[in-house]
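Alright, structures below, take your time with them.
Consider the two complexes below, in which subunit A is the common component and subunit B and subunit C are the respective partners.
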Partner chain A sequence: MHISEGVLPGWCLITGWVLTSAGLYVGLRSINGRKIPRTALLSAVFFVASLIHVPIGVTSVHLLLNGLAGALLGWAVFPALFVALLFQALLFQFGGITVLGVNTFNMAFPGVVAYYVVRPLLRKGTTGSLIAAGVLAALIGVFLAATFVSAELMSIGSSFTKTAELAFLAHIPVAAIEMVINSFVFLYLKKSGIPLEV
Partner chain B sequence: MKKLLVFVFSFLFVLTAQSFAHKISAFVDVEDGNVSLVSYFSDGTPAKNAKVTVYDSKGNVVLTGRTNKEGEFDFKVKKSGKYRAVVLAELGHRAVVDFTVGTPAASSESKTTGNAETKTTAQSSMNSTALPPSAEEFRKVLREELRPIHREILKIEEAQSSISYKDVIGGLGWILGIFGAAMFGYCYRRRESGDAS
Partner chain C sequence: MDTATEGEKVETPLNGEGLLSRLDPRVKIVLFLVLAWTVALAGNLLQVFVFLPLALLFYSTAYRKTTTILKLLLFADFFLLFVVLTQLFLGSPYEGILIFFKSTVIVLFSLLLLTTSSVFDLLHALHHLKVPNKLLQITFFFYRYLFTVREQLQLAEKSAKSRGFIPKTSIQTYKTYAYFMGNLLLKSYFKSENVYKALISRGFKGYFPVFRHFELRKLDILFSLFTIIYWGVAVWKFYL
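Take a look at the complex of A and B:
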């Protein structure tokens, strides 16, 4: 779900950069010393997760894990994903530098939404609520990102419903895998006595 | 629980080993104005039904079309000169290829991957000076002879456009480095202020 260089018009790119800058500002302010290692770890996870991918019909999709990163980082998901996407653009030519703003926002903002939605469930901390949190984080992260991408591709004349339909259908397996991963991670952290929020 | 974790991670590893990448690449093969274009996601999945637009050197649209199930699109151009093909696949994937048609000895190939910046052009053109009268035939024979090499080169280019483990490990190193520097700065500042108090 990386949008390539040269696809979107200029105003779209600038809007993306503005929103991402705002997110980065809030995110960097929210990072304290204890949060730095966690941000680094999830940034690395996101960086590698994009290489794990599933060919589906006319397109190919990969794991995002932005819901997981968001749930565990809060607003710090912006700097984490920004760094990961920067190196994906530089090393793998996924996306690109000019669209980095748009791509970061697409991935990180759903993460922030996931954070606020699953926070009560993580606080509750029972096995059931942790699994529910994992499922919700995956759904929000993946499908909200798909919605953003579809909305942005409207600007080059693709129909929203058609792109969204494709993006949603293609990402169902991704969301399913992520639900399992997220739930395992939450349960594991709980069991190891590592706080789910910092 | 541990077993499950091991399972998840080995599962992830298997998936990673199977396929790498998320961008499209396009490759072009030119023969006498017949151009065949192939487009793949870099794990080798063909980019089906992707929109192809061909521009001439002045930026005018020459023709448009769509790739078939194998990610291929064949077309003809009449005038010789430089062209650029832009492939636009679903969900905002885009690849750009430059190619030349009808230079003196009429055989050229080129490719670019993903984004326009990383452009490598491999051109093989034969010089047509001092050919015997049956130059046309000679060229034809030569082209036949060179075809396996031609294919080999395309294959190597395709292999090059995929991602290597080196890039992955390098990227992880960068991420650790950046956050490590942030951690260093944070600890340093805290120690300074600790000393002062």
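Take a look at the complex of A and C:
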């Protein structure tokens, strides 16, 4: 869920940009040579995949996939998601430019956390550990992002308590679906034989 | 082989529309940032409304695209609708209205100042505005292959549908979508290897040579002066 323009107070927007700049600095230092086009193309995959309407009950949801992206890309998840969110803002006006720092941090930092938690499981490479990696990447990615969004909304004032609660609850079905999808993606990639640390 | 075809390119919604599209994108990006941050920091409705005439003036240059602009303003952002409605019914209605107008004015500035230039021109302008080159390379490659990746997904969906796949709430559906994504990741991984080898073989040094260069013209200077004076007076009278 991307926060729109005009919602958050100035200090929150500036903090978001500072944290994202730090993440981008580390992320860009970690990629060189062949990893530049690779990060860009995988970023395009996450951008396109997040536009799929995945059915759940009578409605459908869009996936965040930040846990999966983080597990595969490491710190490069910062530039990858920054670019994807920049294009969502430019092409569809989802999110926005002043709020791009906050939105990138909300999505990419949980991705980095997922990377450190999930990496040992991916290295192990058994079916059980890959499923566990998929579940953990979804839980960390989605719920940490939801916690950040809710905390930022709460920081605006007491009138935003209900908005923040509902925003958090809206992420639960997304996490449930991503647990299943991430696990199958890891199993698929393992079968295909490419290194899971891309 | 590259499957991207001309004409179906992913492009900014108002590219080439109206007078503002003829301005230097470097000028438009800087002015957008000044205006958007000022409105984002507004604390009351008056501070937002003072910029509405300027946003409407910009809009008048692209009035032929009213339907596109309205669609993007009204339907594009689910999150804004969610915040405004929860504020109107469960929180503070004033906050809801303030957020609605802040967002509308910033999105209008974004549509009319940024998206009237092509994506390539915006990236070129960001290079002149000293955005790190590595980040711009990622952005450029992302944009270059976005259409290809999208088309691959559409082909996979079409192929699955032709074999009787109907999306529903089931493990089979989620498994199918996961395999779509796995397949896209795999193809993109190998594609990126080929892109890298092609770049190396052509002596790529990290900079894309461009055919057309930006030139600051009289119109750009006049537009900048007008906007900065408007902004200065608005901030002086309503913000300080």
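Observations on the structure shown:
Simple rule for what comes next: the second predicted complex is superposed on the first by the 173 of 198 C-alpha atoms of A that agree within 3 Å, B and C clash if a C-alpha of one lies under 4 Å from a C-alpha of the other, contacts with A are read in each partner's own complex, and residues count from 1 in each chain.
Just so it is clear, a residue touches a chain if its C-beta (ideal position, glycine included) is under 8 Å from a C-beta of that chain, and two chains touch if they have at least 3 such contacts.
These numbers were taken from a predicted model, which means no experiment stands behind them.
Of the two partner chains placed by the overlay, subunit B and subunit C both lie in contact with A:94. By the document's definition of touching, neither partner reaches A:172: not subunit B, not subunit C. Of the two partners subunit B and subunit C, more subunit A residues are in touch with C. Looking at the shared chain after the overlay, A:157 reaches subunit C, while subunit B stays out of its contact range.
In the superposed model, A:18 makes contact with neither subunit B nor subunit C.
When the two complexes are superposed on chain A, the residues of subunit A that touch both subunit B and subunit C are 1-7, 31, 33, 36-37, 39-40, 43-44, 47-48, 52-55, 57, 83-84, 87, 91-94, 96, 153, 163, 166-167, 180-181, 184, 188.
Across the complex, subunit C is touched by residues 1-7, 10, 13, 24, 28, 31, 33-34, 36-45, 47-49, 52-57, 65, 72, 79-80, 82-84, 86-87, 89-94, 96-99, 153, 156-157, 159-163, 166-167, 177, 180-185, 188-189, 192, 194, 198 of subunit A. Subunit B contributes residues 1, 4-5, 8, 12, 15-16, 19-24, 41, 43, 45, 47-49, 88-96, 113-118, 163, 167-168, 170-172, 174-176, 178-180, 182-183, 186-187, 190 to its touches with subunit A in the complex. Partner subunit B is touched in their complex by these residues of subunit A: 1-8, 31, 33, 36-37, 39-40, 43-44, 47-48, 50-55, 57-62, 83-84, 87-88, 91-94, 96, 149, 152-153, 163, 166-167, 170, 180-181, 184, 187-188, 191. Here subunit C touches subunit A in the complex through residues 10, 12-13, 32-33, 36-37, 39-41, 72-73, 76-77, 79-80, 82-83, 86-87, 90-92, 95, 98-107, 110-111, 114-115, 119, 122, 132, 134-135, 137-143, 145-146, 149-150, 153, 167-169, 171, 173-175, 177-186, 188-189, 191-193, 195-196, 199, going by the rule given at the top.
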